[in-house]
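Read the structure below first, then the notes.
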Amino acid sequence: MKAIDWITQVLEMAAALAAAPVFLGWVNQCRAWLQNRRAPSLWLPYRNLHKLFHKEAVIAQNASPLFRIAPYVVFGAMVLAAGIIPSMGTRLPLVVSADAIALVGLFAAARVFMTLAAMDVGTAFGTLGARREMMVGFLAEPALLMVIFVASLISSSTALPVITEHLVSGHLGLSPSLAFSAVAFILVLLAENARIPVDNPATHLELTMIHEAMVLEYSARHLALMEWAAQLKLFNYVCIGFALFLPWGVATGHIGPEGLLVAIPALAVKLAAAGVALSLIETVSAKMRVMRIPEFLGTAFLFAVLGLLVHVLLRT
Amino acid sequence: MELVLLLGFPVLGAALLGITGAHRRAPEINAALSLATFLASCALTVRVIRHGNLLLGDEQFFIDPFNVFLVALTAFVGLTTSLFSRPYMRVELDHGRLTSGRLRLYHSMYQLFMFTMLLALTTNNMGLMWVAMEGATLSTVLLVTLYRTPGSLEAGWKYFILCGVGIAQALFGTILLYVAAEKVLGAQGMTALLWTHLDAVKTQLEPTVLALAFVFLLIGYGTKVGLVPLHSWLPDAHAEGPTPISAVLSGLLLNVALYAVVRSKVLVEGSLHSRLPSMLLMGFGLVSVVLASLLLWRQRDIKRLFAYSSIEHMGIATFAFGMGGPIANFAALLHMTVHSLTKSSIFFTAGHAAQKTGTQVMEHIRGLITLSPTVGWGLMLGSLAILGLPPFGVFTSEFLILTTAMREQPWATPILLAALAVAFAAIFSKVQPMVFGETSGRRLPHAPALLPVFTHLAIVLLLGLYIPPYLAHWYRAAAHLIGGG
Amino acid sequence: MTTTFPSLLTGCVALLCGWVLVGLAGLLRPESVRFAGRTLFTLGAALGLGLAALAGASLLSGGIERLILPIGLPELPLHLRLDPLSSLFLFLLGASSFGISVFAGGYFREGEGTAPGLLCLQYHLFLASMGGVLLANDAYGFLVAWEVMALSSYFLVTTQHRLPEIRRAGFLYLLMAHVGALCLLLCFGVLQGGSWLFTFHAMRAAHLSPGWAAAAFLLALVGFGAKAGLVPLHVWLPDAHPAAPSPVSALMSGVMLKTAVYGMLRVGLDLLGRPVWWWGLAPLILGLFTIFYGVLFAAVQTDMKRLLAYSSVENIGIVFAGIGLTIVFAGSGMKAVAALALLATLYHCLNHAFMKSLLFLGTGSVLHATGERNLGRLGGLIHRMPWVAWLTLIGTLAIAGIPPLNGFVSEWLLLQSFLFAGRLPHAFVNLLIPMGMALLVLGAALAGYVMVKFYGIIFLGQPREASLARAHDCGWLERVGLLWLALGCLALGLFPLQVIRALGAVTAQLIGAVVPQASPHWWLLAPVPGRPVSYGPLVFLTATTAVVLLTVLVVRLTYRQRVRRGPAWDCGFGAVTARMQDTAEGFGQPIRHLFQPFFEIERQLPEPADREPRYRIAIRERIWRLLYEPISAAVDRLANTAARVQQGRISVYLLYSFATLLVLLAVALIS
Amino acid sequence: MTHLPLGQQLLDTCAALLLLLSFAMLSQRRVVTLVNLYAAQGAVLAAATLLLAWRTGEEHLYVSAALTLVLKVAFLPWLLHRLIRRLGVYWDTEPLLKVSGTMLAGLVIVVFAFSLAQPITRLASTDTRSAIGIAVSVVLLAFLMMITRRKAMSQVVGFLSMENGVFFGAMSASYGMPMVVELGVALDVLVAVLVLGVFFFQIRERFDSLDLHHLETLKERD
C-alpha cells in the first residue's frame, strides 16, 4: 500500500467535496442558458451552503435523535462513496474493502436514513416524500446494480477500479450489452438525483416533489449537509458513469503525479460535457406524473437486464 | 387351565349378572369379573410366550402368538371399558335413560359378548369360530338397542340384518372350506374344520373352491370388519348404542372380525398361487379408507365421526395385511392394537363429553377444555393420536405401512396420502372447536374419572416411543405366522 | 468415523433432555408467572447457550459423532449423529434461542390464555424437538421429532384459542404440517431403497434408480417446502406466526423454518448423494418466485407481525434459491461455486435467525406496551421506548441489507455466486441465472422498502393514538434478549471471515469443497480466488464512522449556532395532526398499484356525501382462489357424492352386499 | 346314467322342490303364506336329511334331521305365526321390484349359481353333489328376496330361508357339518329368532308398524 495511493484516495474525496457544488452550479448555468435565462453564478451553491451553515437550526419538537443523526450519516456515506469510485485514479486503498455492491449498499444506507428522518417528524409531506423516494429507490437500486453487473461480468470483478482498468485496457470495442446498460444508467441517474423528468429540483409545489419533500423539516446546517450530500450524490453518479462507460483518462496502474496531471483535466472535461448533456436532457423533457415514474424506472431496469442477457447470449 | 378360566369367567359373569344385574353393586361385579378375565388372559399369554403354541380341549382350541395377543388386548380393553362404564352407566341410570332391568341386560350381555369374542379368538374350529361370531352379533344387537329409542332400534335392526346375512355367507364359506378340506383330510369330519389341520394341508386344497370359500368368508366377516361397501351398519350401531358398547365394538369386535378374515386369508393364500386374496384385501382396504375419509368430512354427530374413522383405520390395517410381508403384517398387528386402544379411549372421552353437554351434536359441544380440562385434553390427545401424529403409536404403524407401500405398491400411496390428508382435515377441524374455544356452560364441579382414557393413551404413547423387546418379538412371531408376502 | 466417546453429542442430548425437564418442571406450579415464567425460561436460556457452545465446538472440530439409544422401533433404535451440518443448525438453535428465551422470561404474564406453566412445557418441548430433528440419524426419529415440533408449536400458536381466527390459523398450520410430514414419510420410504433400514447411513448407501431419486427429491421439496413456507405452500405462515405469542413467533420464524432448510440440505445434498443438476431448478425457480411474492405481500400488510411473517417467506425464498443454485452447480460439477452458493445459503440462515427473531421480539415488546398490532394505530414509539426502538433499528437495517450489517454479507455472497456462475453446460440455466440475479436484487431492494415502512410507521412520526402516550419501555430481561440478538447481527456482519471458516466444515461435508480465502488479511473477505473481489466490513465501518465523526467535529468546531426546538414547519400548513401522516395502507399504495395482478383487493371507498367517510381496503392472496378453494370445493363435492352411498335404506345396503358378493364370486371364478 | 337309484331320485326331487319353494317365496306377498312356505321348505329339508341319513347311515344326520323338523317345521313357524297374529301384519306392501322383474332376476341368479357350483360339484365326493347348485341358488334367491321386501317380517323369513339354503348346501356337499357346529348353528338360529321376536315388539311399540321405511332415518344423505 503506497503512500501515494492514500494521497490519491484523500485527493479524490476532497475533489469530490469541492467539485460537487460547482458541478451542480454548472448544470444550472447550462440549463439557464438553454432556457434563455440569465444564468446564476457558478458559485451559487457554495454561497448557499455557507449561508445555511451560519443559520440557527430549528428542529421540530417531536424530532428524535435519529432526525439529527441522519444528515451526518447521509453526508458521510456520500463522501465515502466518492472515495470508492475511481474518478481520477484506480489505486484506491478503500476499494479493497468495498466493491460496487457495497457502493450500492452505501447509497441504500443513505436513502434509508434519509427516508427515516423524513418520517421522523411525522408531517404529511415528509412521509409522502419518503414513500416516493423509496418507490424510486426500489427500482433504481436494482437497475444500478444490474448496470454494474454487466460491466463486472465483462471484467469478472465487482470492484469498480478493476472494471475501469479492464475497460481502459479496452481491447473490447463498445459491446452492445454496455450500450444497453448505458441507456439504463442514464435513466437511473436522472431518477436517483431528483432531476427532471422524475423530480424537479427547482419546484416549490409540494405535491409533486420527492427529494425536497423529505428535507422540508431541515434547516441550517442539517439542511446544508443534506444539500451537499445531494450534490455529492449527483457527482458520484456521474463519476460512476465515467468509470463504466468513459473510463479514458483515468490514471490506471501505478500512478504518480504524472498520472494525475492527465486525470484531473480529463475529469474536468468529462464533467463539463456531462453537465451540458444533463441540462440538455432536462430542458427537452418534461416532468412526468408521479405514478409514471415506476414505468420509467422499470424501463431502466429492463434495459439493464437486457444488457445482461445480451452479454450472456453473446458469450455462450 | 388358564383357558378354562379365561372362558369361564365371562360365562359365569353372564349368568351371575343375568340374575343380579340390577343389583347396586353389579357394576363392580362386572369390573371384577373383567379383571379376572384379564388376569387369566395374562396367564395364558405368559404360558404361550414360555411354551409356544397350545392345542387344548382335543384340538378344539388353539393358541398361538397371533390370537393370544388379541386375547390379551380384548381382555384388557374389556376391563378398562367395564371400569369406564361403571360411573357412566350410573349417570345414564340417573338421567333415566335406562331402567335397572335394562342395566341387568346390559351387564350380562356385556359379559356374554366378551365370552363370544374370546371364544372366537381361541377356538381352533372354523365352525365354532363362526358360531361365536354370530353369538357376538346377537349379544351386541341387544346392547345396541339398549336405549329403545327409534334411532337405536333402527340401528339395531340394520346391524342385525346386515351382519346376519353376512354371517350366513361366512357359514357357507366355512362349509366350502370343509368340503375342500374333507377331500384331503378324509371324511372323518371332526378334524376337517380344525384350523391347525387345514393350515397343515393348505397347499393341497383345491384352489377354485378355496377362492370361492374365501369370497364368502370375506363378505361374511368383512361385513363385521366394516369394509366398504359392507360397512353400512357400522356408523349407526356405534352412534346409537351406549358409549361403552361403541368403544368395545370398534375397539374389539372389528379386530376379532379382521382376525377371522386374516386366518382365512392365510389358508387360502396357501392353496391359491394367485395374489387374489391379497389384491382383494388391498382393494377393500383402499376403498374403505377413501370412502370413510370422505364421509368423515360432513359428520355432525361425534360418535358417528369416530365410527367412520374406525372404518378408515380398519381399511388401513386390511390394506397392510393385503400387502403382506413381515413388516406390513407387523405394522398391521400394531395398528390393530393401537387403534383399538386409542379409539376406545376416544369413545370414553366422547361419551363423557356428550354426557356433560347432553348432546352428541358437535356444533353444540364447545370449549371442553374449560368445561373440564381432563375431558378436553383427553379428546384432543386422543384425536391427535388417532390422526397418526407422533409420538403416539398410530404413527408408528402408519409409518411402517406407508413406507412399505411406497416400495411395494407405489400406485396406492397417492390415494392413501390424499385420503389421510382429508381425514385429518375432517376430524381435526371438528375436534379443535369442541376442545378449544368459548363455551356457554360453566366449569364442572368434579372432574370425571378418566383413568382408562389416560392408561390407554399412555400405552399408545409408549408404543410410539418404545416397543418392549418381548412385545416386539411377540408381534414378529405373529406376523411370521400370518406370513404371506 | 470417530471411535472415541461422543462427548459433544452426549452433551447436546443431555441439554435437550434438560430442556424437556425444564418444561416438565413448569407443571409443578403452572399458574405462577414468577416461577414458570422468569426462573424456568432463563434456565432454558442458559441451556441454549450451552448447546450453542457445544455445537460451536463440534463445528470447529468438524468431526462426526454417533450415538445409538435403545428406544424407538424394535429393529430401529434411535440413531443420533452430530456432524458439521447438524452442529451448525444446532448452534443457530442454541444461540438464537438464548436471546429469545431470556426475552420470553420477561415477556409472559398472566391472562395470556394458556397457563404459564403449560406454556413453559410446550415451549421447551418445542425447543427440544427442534434439537431432536437436527440430531436424528434415522427416518423414524427424525419424523417423530419433526411432528412433535409441529405439535408443540401448534399448541403454542393456539395459546389464545378463544379467538376463532387463531383457531383457524392453528388448524391450517397443523394441517399443512401434517401433509408435509406425510410427504416426508413417503420420501423416506423411497430413500430406504428396499433395505428396510431406516437409518440415514443405510439411505446414503442405497442406490436408487434416477426416477426414484427424483421422486424422493420432489417429495422432500414438497414436505420441507410446506414447513419452510415456500410459495405456494406458505399459506399457513402469515396466519400462524402472528397468532403465536411473540417469542414463539420469533422461534418459529427464526429457527423452525431453518429446520426445514436443514432437512432439505440433508436429503438433497447428503442422503441422495451426488444430485442431478436439473433437480436444482425446482427450488431455484420456486425460491426466486417466493422472494418476490413474499416481499410484495409484506409491503402491503397493515399488521406488523403479518408483515414480518411475509418477510420471512421472502427470506426463505432467498435460502431456497441458494439451495437450488448449489444443486445446479454441484450437479454440473462446479464444486467451487457450489460451495460459495451453499455458503451464502447457510450464512443467510444464520443471519435470518438473528434478524428476524430480533424484529419479532421487538414487535412483541410493542404489542405488550401498546396492545396494538395494527400499524395504523402505532407511531412515535421511539420516544416512549428507546431501547426497543434503537435495538430494533439494527435488525431493520440488517434485514434491509444495509452494509456493514449481516444481511448484506449473505446477499453479497449469493450475488457473487450468481455472478461467477461462469459458463454452465445448459443454455437454459445460463439465461435463468441473470434473471434470477435480477429478481434477487429487486427483492432485496423491496425488502428495504418494507423495512422502512415497518420501522418508520411503528417507531417514528407522531403517535397515531392517544393511548400510545402510556406506552412503556420493556423490562431488563427483554432488553438482554434484544441486545443479544442485536449483537449477533453486528458480529455476523463484522466478522464474516471467521464465520465462513467455521462454515467451511459444512461445505466440505456436503460439497467436498471449501470456499478459499484469497486474501492474507484477517479482516478482508475474498472468497473467489483469482478474482479481485473483496469486502471488508470492519474497514468499511471504521471509514464510515470516521468520515461521519469528522464531519460532526468540523461542523461543531466551525459553526457554533445553537439549535432551537419549534413546531414542525410542514410548509407552514400549521396544525399538523397525527392523522395527516402516511398510513400503512398509504405506504403500501405504490406497490399495490404497480403489482395489482398479484393481489386480490377489495376496496371500500367513501361516498362523496358521506358524513363520516370511511376508507377500508382488504388484500387477499389469489393463491386461495386459484389453488386451495378449488381443492376444498372438490373434496366437498366428492363428500356429497360419497354421502349418497350412505342413504339409510336397508334394502339398498343389502343390495350393496349382494352386488359385491356376486362380483367377487365372478372374479374368483375367472381367476 | 339313465336310471338312478330311488333315493337319489327322491333327493333330486327334494332339491327341485326347495328351489321351487324359494321361487314361490320370492313371488309371495302374503306374509302368512310366506311363513307356511318357509315351513314347507323346512319340511322338505328335513325329508332330504332323513333320506340322506337313511342312505349313508351317518347317524348324526338323523339328529340334525330331527333338529330341523323340530326347529324349522314346528317351532319357528309357530312362533312366526304367533307374532303375525299378535302384530297383525298379514300383507307385505308392494315389493320394491315388480314380481315379474324379481322372477327374471331370480332366473339369472340361478344360472349364475349353477355355474358357480361347478367346481364345488367336481370336488365334492357325495352323490348329492348335483344339488349343490340348488343350495347356492336358494341362498342367493333368499338374499334377493330380502332385498326386495319392505316388511321386517318378510325380511326375517328371507333370512331364515337363506339359512336353510346354507344348511342344505352343507348337507349336499358333505353330509352336513360336524355335530358341534350344527348344534351351534341351530342354537344361533333359535336365539336369532327369539331376539327378532323381541325386536318386533319394540319396533312396533315405537313406530306402530313393521314397515321398514320407518327405519330409514339414520343416513348421510340429506
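A, B, C and D label the chains in the order they appear, each numbered from 1.
In this text, a residue touches a chain if its C-beta (ideal position, glycine included) is under 8 Å from a C-beta of that chain, and two chains touch if they have at least 3 such contacts.
Quick caveat, the model's predicted, so the values are computed rather than measured.
*Asks:* Comparing C-D against A-C, which pair counts more contacting C-beta pairs?
*Replies:* A-C
*Asks:* Need the most distant chain from subunit C, centre defined as the mean of C-alpha atoms.
*Replies:* D
*Asks:* Once you find the CA centre of subunit A and the CA centre of subunit B, what distance in Å lies between them?
*Replies:* Distance between chain centres, rounded to whole Å: 78 Å.
*Asks:* Compute the distance, rounded to whole Å, between the mean C-alpha positions of subunit A and subunit C.
*Replies:* The answer is 36 Å.
*Asks:* Whole-Å distance, subunit C centre to subunit D centre, using C-alpha means?
*Replies:* Chain centroid spacing, subunit C to subunit D, equals 70 Å.
*Asks:* Quick check: how many Å separate the C-alpha centres of subunit B and subunit D?
*Replies:* Taking the average C-alpha coordinate of subunit B and of subunit D, the gap between them is 31 Å.
*Asks:* Quick check: what residues of subunit B touch more than one other chain, meaning two or more?
*Replies:* Residues 157-158, 161, 165, 169, 208, 212, 235, 295, 298.
*Asks:* Among the residues of subunit D, which ones contact at least 2 other chains?
*Replies:* Counting only residues that touch two or more other chains, subunit D contributes 116, 119, 143, 146, 155, 215-218, 220.
*Asks:* Taking each residue of subunit C in turn, which ones touch at least two of the other chains?
*Replies:* 642-643, 645-646, 650, 654, 661, 665, 669
*Asks:* What chain-chain pairs meet the touch criterion?
*Replies:* Those chain pairs satisfying the definition are A-C, B-C, B-D, C-D.
*Asks:* Going by the contact rule at the top, pick out the subunit C residues touching subunit A in the complex.
*Replies:* 379-380, 382-383, 393, 397, 400-403, 408, 412, 415-416, 419-420, 423, 427, 430-431, 433-435, 437-438, 441-442, 444-446, 448-449, 451-453, 455-457, 460-462, 523-524, 531-540, 543-544, 547-548, 551-552, 555, 558-559, 561-571, 573, 576, 578, 580-582, 586-587, 589-590, 593-594
*Asks:* List the residues on subunit C that touch subunit D in their complex, please.
*Replies:* Answer in residue numbers: 642-651, 654-655, 658, 661-662, 665, 669.
*Asks:* Taking the touch rule as given, give the residues of subunit B at its contact with subunit D in the complex, in rising order.
*Replies:* Per the touch definition, subunit B meets subunit D at residues 60, 125, 127-128, 130-131, 134-135, 138, 141-142, 145, 148, 150-151, 153-158, 160-161, 164-165, 168-169, 171-172, 174-176, 178-180, 182-183, 187, 189-190, 192-193, 206, 208-209, 212, 235-236, 239-240, 295, 298.
*Asks:* Please name which positions on subunit D make contact with subunit B in the complex.
*Replies:* These residues of subunit D touch subunit B: 116, 119-120, 123-125, 136, 139, 143, 146, 152, 155, 159, 162-163, 166, 169-170, 173-175, 177-178, 180-181, 184-185, 187-188, 191-192, 195-196, 199, 202-203, 206-207, 214-218, 220.
*Asks:* Please output the residues of subunit D touching subunit C within their complex, sorted ascending.
*Replies:* Its residues touching subunit C are 96, 112, 115-116, 119, 140, 143-144, 146-150, 155, 212-213, 215-222.
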